[in-house]
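Here come two complexes built around chain A, the first alongside chain B, the second alongside chain C.
After this line comes the complex of A and B, so read on.
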């Protein structure tokens, strides 16, 4: 219904008759009352704290007197010069990139494997969704136990295979800690990709594949020439949603290594959290958090432009 | 595509193996929860089934049994006491209240917004939609630091007033879940033809009556699916709960307190962890059909 004809419709007239004292924008014919509660929530608990965070980042906190002094460049120059910030940015990108690569590849392979109408595959597909609903903080604990150097089942397995020396602590060693944290991340969220890829595979039309089979194409050719291009939109959406979540990685890092050893697994979010709890330099913690937001916005809008994705 | 029989069997084996690998951590976790301490900390070998199952870990965390019982049963005297520190009944209640409250608040707000977005033409419709979606892009940490200060000033901290603490946490959870709820409900509402609304309104119903009596019953399934997802996301949330509340400890935060300076209480951790994932497992199986749509914010349908 075009907007301007709405006010002349008989429906409209009847509705205003019902409660003549009510202004039009408060009646249910007007979108305002429908949209207001959500908007109010987003302003009060979203926009206001965000504006507050931006203001906070413009102040300098004096550690001794706990006074806030207006100094708009202090935190932002500090961020750019802070080696730990660059380390955290690097770690965050490594975390996001490696996790995305494994989740995407494994997700696609497992989806292809489970995409069958044979008996029992439905159950297998349902089982694959279970990791998704475990609290990430609990998953972190799960892998902390399994990766324990002296009695963890995964560690013991890897040691038995001769990959690591006896008693080797994967999470306690700077070089391997990130891989340990990523194991938990990849385990929990590969099923997310599997589900989305399965949905994508199931929505593909059958005809092109039949035609390709008649033309003598191999399964591999069909996959790269037909399946992948036709699934590109699905893959792009999955990468976008997963990427945003990966970039704010916190739970696994906090639980499994607490950003350590040293700063080996420190991500942007966990660094901000560390400053918050450690030195109580709220303006600086806010600045790093805002930096995370800026990078997420830049990266996701660029991605959406390049791959022409729209959620 | 036709596949030969041996190849099919190979595929079956591969599929079962892969799913088995993914199920292993859950199995190991559940197994740990019924192991006595000595079997958990077995340094000589990986202990799979060579132990006498015990339910004391569940007794202590879920039923408030005394921890000294554990020491007596196993003939060890380490770390007796502090029983109530491991009694998690309070945390489970708090988690349930927070998750249910969040679900009700989020769904109420989201269904209204989604209806207007789906049904009405108005200026700024796209901007509004992008605003809601933009919320999904925001890392919670970005607003967390000021939020603590704001809550302190506004009296929304649980240390000042427990009820306000609940309210405060529910509202921020509602904000975090709003995008998925609104976009998912919009996608379900878009599936209902607009002719339905128009027919009802020609018969003299107001917008609100149309919504409540005609459209709402038609998207019951969608509401249930969205509500389940919101519930699960609130149930599993960790960061906000960790920063914003001290008295209220949701289950994911409570589990972290079992990591002590004298060692991790793996038995208790595993028991509470196992108990915490069972409700989610049941819920997720109920919404299997709409899961993909939910996880992609309504942009992909199965």
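After this line comes the complex of A and C, so read on.
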């Protein structure tokens, strides 16, 4: 028996034993065989499309002749000079900011209400997940109908309350369309925030709250002085995950307003979609998509630095 | 977002619309949703409703009158057997002929053994898929559904069907009868630069539709001109608005092709055109601006939801009794007369509205044809890059044959491409109020023969009509930009279009 294997158990010895016909880099202690499947998937579904999109963005397509001419600056110059891109960036930030604010605030409030071990609360918590299992396109359809100025139940309610005149089209009016789309977004994804906040709340230690209660702290003081600071990391991660997701908003916009009226709800992804599917200008659509990626990377990196989030 | 993901989302939306329009049962709806990976509650399912798409009468499939002729089945068996096991694909919008063909394709597949996969997706996706296919000459699709505004773009990518018919006599369908196709449709839809790009496939076309009872109630004669129409809708809106009814209903959804369709008709009727003979955009000239200004007046006399409605929403307004006068697609008619319609028999067809003298063809560019009736026809093209050209050719002939086209008209409720369909006894028998009515078709034929307009034949038109034009029109109509000034809006569109045309070297 070799001296170095004397100290190993038979199981460990089998694990480190190398098949003589296999090259060293394929031995079980080498990381490559274990990383290969994931790396291959990453290359096929992540890296290749990204490289392809980058390559595409360096070409100029002539719609009349269909020729692709290598012109690395054309699309990037165009994207920066395109007013609709700037409008889309603005809309995307508004969409992300407003949705995040409401989802976070409502999510925390509902989580606080559901953070109880009393009978029936488990069922309530389970019910919160229901909106999450509906595909966003279907949610968009639901709200499209509910916000219809002629027969939509939400529109009729708001008209009955005197907020809007009879027949008012929320999604057909530039000033209110974004709010209409955001209603669907907030309705569907607030439960996601609730679940994250609930998980965070239920993992908080009880001792600081008991000590605060003995010292006579009110519920509000406990929330602002204890709950919020202790939940800050959870909140930061929730904001990061939802923020990135919101920045790619497409479904609700496509189904409910198709970026309209005019460009009132046009986000970066919906604009890229319109260029791709409507004008078939694949290189320019790729450029807008890459611009979105760049903004997401910059924004999330800045956010992580400011709030010291470590993933 | 991948095509697959995009398709799935649109599939879900389409299924929801089908269910809402009662074209599919609740069971089918749940099954299709399950196929799409959807598991949602009955609560949310109950909230889906209200829109439509296909307005024909699929219940006719399988009836004796709709049975395939035995000689056709025999021919398919004879010529199709060498291609047994072949699969052909085509992608199309959910137009009535495509929906019907998808339902009856078994009649082709059974005798030939050729499988047919029909991908039904929204129009803009059809364009993107076809563009990708021809860009890489992939041959993924054997047949192309080509909207009239794309015929110029894809002319180089299809095989001339009349030539192929001559070149392959062994595959030629007996009695196909090319002369049976309506001449204006062949010339207006299928021909480009002397080549037949495809076979005319469908022809939705504008006509005037009016509520007889409402016009009688207010003592209004059926309008024949835009001035009369405007006065009538103003009067009806004023009198009926409190009851939830407006003079007209529009398909003015910002950024959608439907708004472009409405707009082009307004420009033509005002004596204008989209392009001039110098290939410059002319929507911003005096006539173009006057046409748009009149449309702004119409918007004031339409349900506000018009600004968020495509042709689907416009039909809903008509079916729900929210408007009394509409100039739009003839295809709405069978749906208005459907068994469960609240307005069955109340809507009447009439000739399209007259306007100012039409701009002469010599004064317009890119083969545009200004006239009174906007059309949204399409052709079925045989791909030059197909790997199964002959199998696809057999399907194409079968799909566009006399018998199949007539049956498609009866089941799908749309205007036929073939003259023989107009005179078919089964079609004439249905020219009464009721489901699957054809009572509007005589007038439709007159419109095709006399009033049919055509948008410009140019490769960039698909992009302009889906993006620059309807997006800026939407900004104007919804008050997002231009301060209500149609001239400013048209000037913005003109600058964008002229720059793109110059850049493309057209």
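The rule we apply is simple: the second predicted complex is superposed on the first by the 292 of 311 C-alpha atoms of A that agree within 3 Å, B and C clash if a C-alpha of one lies under 4 Å from a C-alpha of the other, contacts with A are read in each partner's own complex, and residues count from 1 in each chain.
In this section, contacts are C-beta pairs under 8 Å (C-beta built on N, C-alpha and C of every residue); 3 or more make two chains touch, one makes a residue touch a chain.
Small disclaimer: the values here were computed from a predicted structure and weren't measured.
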| item | value |
| --- | --- |
| Contacts of A:150 with chain B and chain C, given as first, second, both or neither | both |
| Which superposed partner A:141 touches (first chain B, second chain C, both, neither) | both |
| Touched partner set for A:290, first chain B, second chain C, both or neither | first |
| Touched partner set for A:98, first chain B, second chain C, both or neither | neither |
| Which of chain B and chain C A:257 touches, first, second, both or neither | second |
| Touching partner for A:201 - first (chain B), second (chain C), both, neither | neither |
| Chain B versus chain C as contact partner of A:124, first or second or both or neither | first |
| Which superposed partner A:279 touches (first chain B, second chain C, both, neither) | second |
| Which superposed partner A:171 touches (first chain B, second chain C, both, neither) | second |
| Broader residue contact with chain A after superposition on the shared chain, chain B or chain C | B |
| Contact residues common to both interfaces of chain A (with chain B and with chain C) | 130, 133-139, 141-142, 145-146, 150-151, 250-251, 254-255, 269, 273, 276, 282 |
| Touch list for chain B against partner chain A, complex | 1, 8, 11-12, 14-16, 18-19, 22-23, 25-26, 28-29, 32, 40-43, 46, 108-110, 112-113, 115-117, 120-123, 128, 131-133, 135-147, 149-150, 171-172, 174-175, 178, 182-183, 198, 201-202, 204, 206-208, 211, 232, 235-239, 242-243, 251-253, 255-256, 264, 266, 269-270, 273, 276-277, 280-281, 283-285, 288, 291-292, 295-297, 299-302 |
| Interface residues, chain C side, partner chain A - complex | 1, 6, 8-10, 12-13, 16, 36-41, 44, 47-51, 124-125, 127-128, 131-132, 134-135, 244, 253-256, 303-309, 317, 320, 322, 459-460, 462-463, 466-467, 471-472, 474-481, 504-506 |
| Contact set on chain A toward chain B in their complex | 1-3, 6, 10-11, 14-15, 18, 27-29, 31, 33-35, 37-39, 41-42, 44-46, 48-50, 52-53, 56, 110, 113-114, 116, 118, 120-121, 124, 126-139, 141-146, 150-151, 153, 156-157, 187, 190-192, 195-196, 198-200, 202-203, 209, 213, 219, 234, 237-238, 241, 244, 247-248, 250-251, 254-255, 269, 272-273, 276, 282, 285-286, 289-290, 292-293, 296-297, 300, 310-311 |
| Chain C partner contacts - residues on chain A that touch it in the complex | 62-66, 130, 133-142, 145-146, 148-151, 167-169, 171-175, 250-251, 254-255, 257-264, 269, 273-282 |
